[in-house]
Amino acid sequence: MIVYERPVRFEDVDAAGIVFFGRFMNYAHEAMEHFFGGVAGGYVDLITRRKIGFPAVHVTCDFRSPLRYGDVVRIAVSVAKIGNTSSTLRYEFTRADNGASVALMEHVTVASDLVSLQKLALPDDVRAHLELHRH
Amino acid sequence: MIVYERPVRFEDVDAAGIVFFGRFMNYAHEAMEHFFGGVAGGYVDLITRRKIGFPAVHVTCDFRSPLRYGDVVRIAVSVAKIGNTSSTLRYEFTRADNGASVALMEHVTVASDLVSLQKLALPDDVRAHLELHRH
Amino acid sequence: MIVYERPVRFEDVDAAGIVFFGRFMNYAHEAMEHFFGGVAGGYVDLITRRKIGFPAVHVTCDFRSPLRYGDVVRIAVSVAKIGNTSSTLRYEFTRADNGASVALMEHVTVASDLVSLQKLALPDDVRAHLELHRH
Amino acid sequence: MIVYERPVRFEDVDAAGIVFFGRFMNYAHEAMEHFFGGVAGGYVDLITRRKIGFPAVHVTCDFRSPLRYGDVVRIAVSVAKIGNTSSTLRYEFTRADNGASVALMEHVTVASDLVSLQKLALPDDVRAHLELHRH
């Protein structure tokens, strides 16, 4: 499990005054980029030099309590499943101040060649890092 | 079923060159706002005057093929379930040019008082509109 | 002058309840993409096939009155200056319902090769379209 | 001068492969929120409890070199001018790795009551903090 924290930004809320539900995907992706910090070169090197990406094929999210401007969200990232080309990340969103549950998201991605968008076996270093944080 | 179309915007893609997965939530919400055009005053009136919102409590999305800059996405909105306070919208994303399947999303929302964030019975006009487009 | 209209989106407002100032750049870029509809293939073809982009080198914006969720903004695009590689677009933002002035933006871009990011002379068809809409 | 750093996010780039010019406003606003950390309660307290906001009335930005995914941007915030109700923040964007100039932005805001959107004299604590960081 790797933990990532970030404040709710001024422009993350919507006309209902709470964080727009789609932003949770942005928050999760930030947490995933942070998670991949454990692979040499990180997510940036995967994308920009190795040309390996992890497009989403499936996402599920339960929203339990709203976030507002001023809140800080803590996202605990763990790995629920590891396949040959796919992996499932699990994001547990809580409020940093009191630990209250905010959301729970699962995110299945498939390792892909960014030029052809064909799927790839998970690279060894990525697989090893995923194994390390398996739920 | 109500259909909404929009082009992929220049800034909707990510560093992998395809539409960021979180943007599908923005696209779905736009389609939902369009869908609520069938209620007098539309979504804007619900939010700004009636102070009734529809926060997401659950979202599921299958991503089937990527979108790129230049694509136009067609979103067919229908209603999968209607509860007392909740409703489930279903969004079928296809490419406008060839009808290829892009994504399928389900989005459960709960009618809520935007001041207290307490849930509400679905207003009659909203319920009637949902019934009209039940899958 | 070419006119583009779009509603303020649910997630375009910020925690102060008005459209986030940075969104005006997104709105202007949408209007610019619409403006380039007058060049064969449009902005999409320039970017994706011809690999010619128009990165901003200078932006100025006066904000005159706020936009809120539910407003529709009308953007009149015209051309203030045409250089060898650069051009200056002018965007006049008004409210679609009453014509009230919302913002005035100027946006200087430089035609650039998207592979090398080196500047280019304005392509003839782009220059002709700009001349047609010179202020 | 107060310095704020942040990485370019995966979804901050556009179809031309560089950071979308409008995102610089988001980056600047983040830097401004950080800057206001020097006022008791910070920007969050101003917005959510004191109901005082700082809508932009004028923005100017020079873009000098592009940012790409993987870059880290450093933003030095200082105060260029202080009026009765208005203030001008200056943001100098450089690359964190080599100090190369990326952009220079000026941002004039007017202290405003967020309920009425009428302008206000700068609160004393805000003014004192601005004076401290005058250019």
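To keep things simple, chains are lettered A, B, C and D as they appear, and every chain counts its residues starting from 1.
The criterion applied here is as follows: contacts are C-beta pairs under 8 Å (C-beta built on N, C-alpha and C of every residue); 3 or more make two chains touch, one makes a residue touch a chain.
Per UniProt, the chains are A, B, C, D = 4-hydroxybenzoyl-CoA thioesterase family active site protein.
Fair warning: this is a prediction, and the values are worked out from it, not measured in the lab.
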item	value
Result of counting contacting C-beta pairs for A-C and B-C, higher pair	B-C
Chain A and chain C: spacing of chain centres that average the CA atoms, whole Å	33
Chain centre separation in whole Å, for chain D relative to chain C (CA means)	22
Centre distance in Å when chain B and chain C are each reduced to the mean of their C-alpha atoms	27
Residues of chain B touching at least two other chains	10-11, 15-17, 20, 22-23, 26, 29, 47-48, 69
Chain contact graph, described as a line, ring, star, complete graph or other shape	complete
Residue numbers on chain A that touch chain C, as the complex places them	10-11, 13-17, 20, 22-23, 69
Interface residues, chain C side, partner chain B - complex	9-11, 26, 29-30, 33, 43-45, 47-48, 68-70
For the chain B and chain A complex, residues of the former touching the latter	15-18, 20-26, 29, 47-48, 53, 55-63, 66, 114, 117
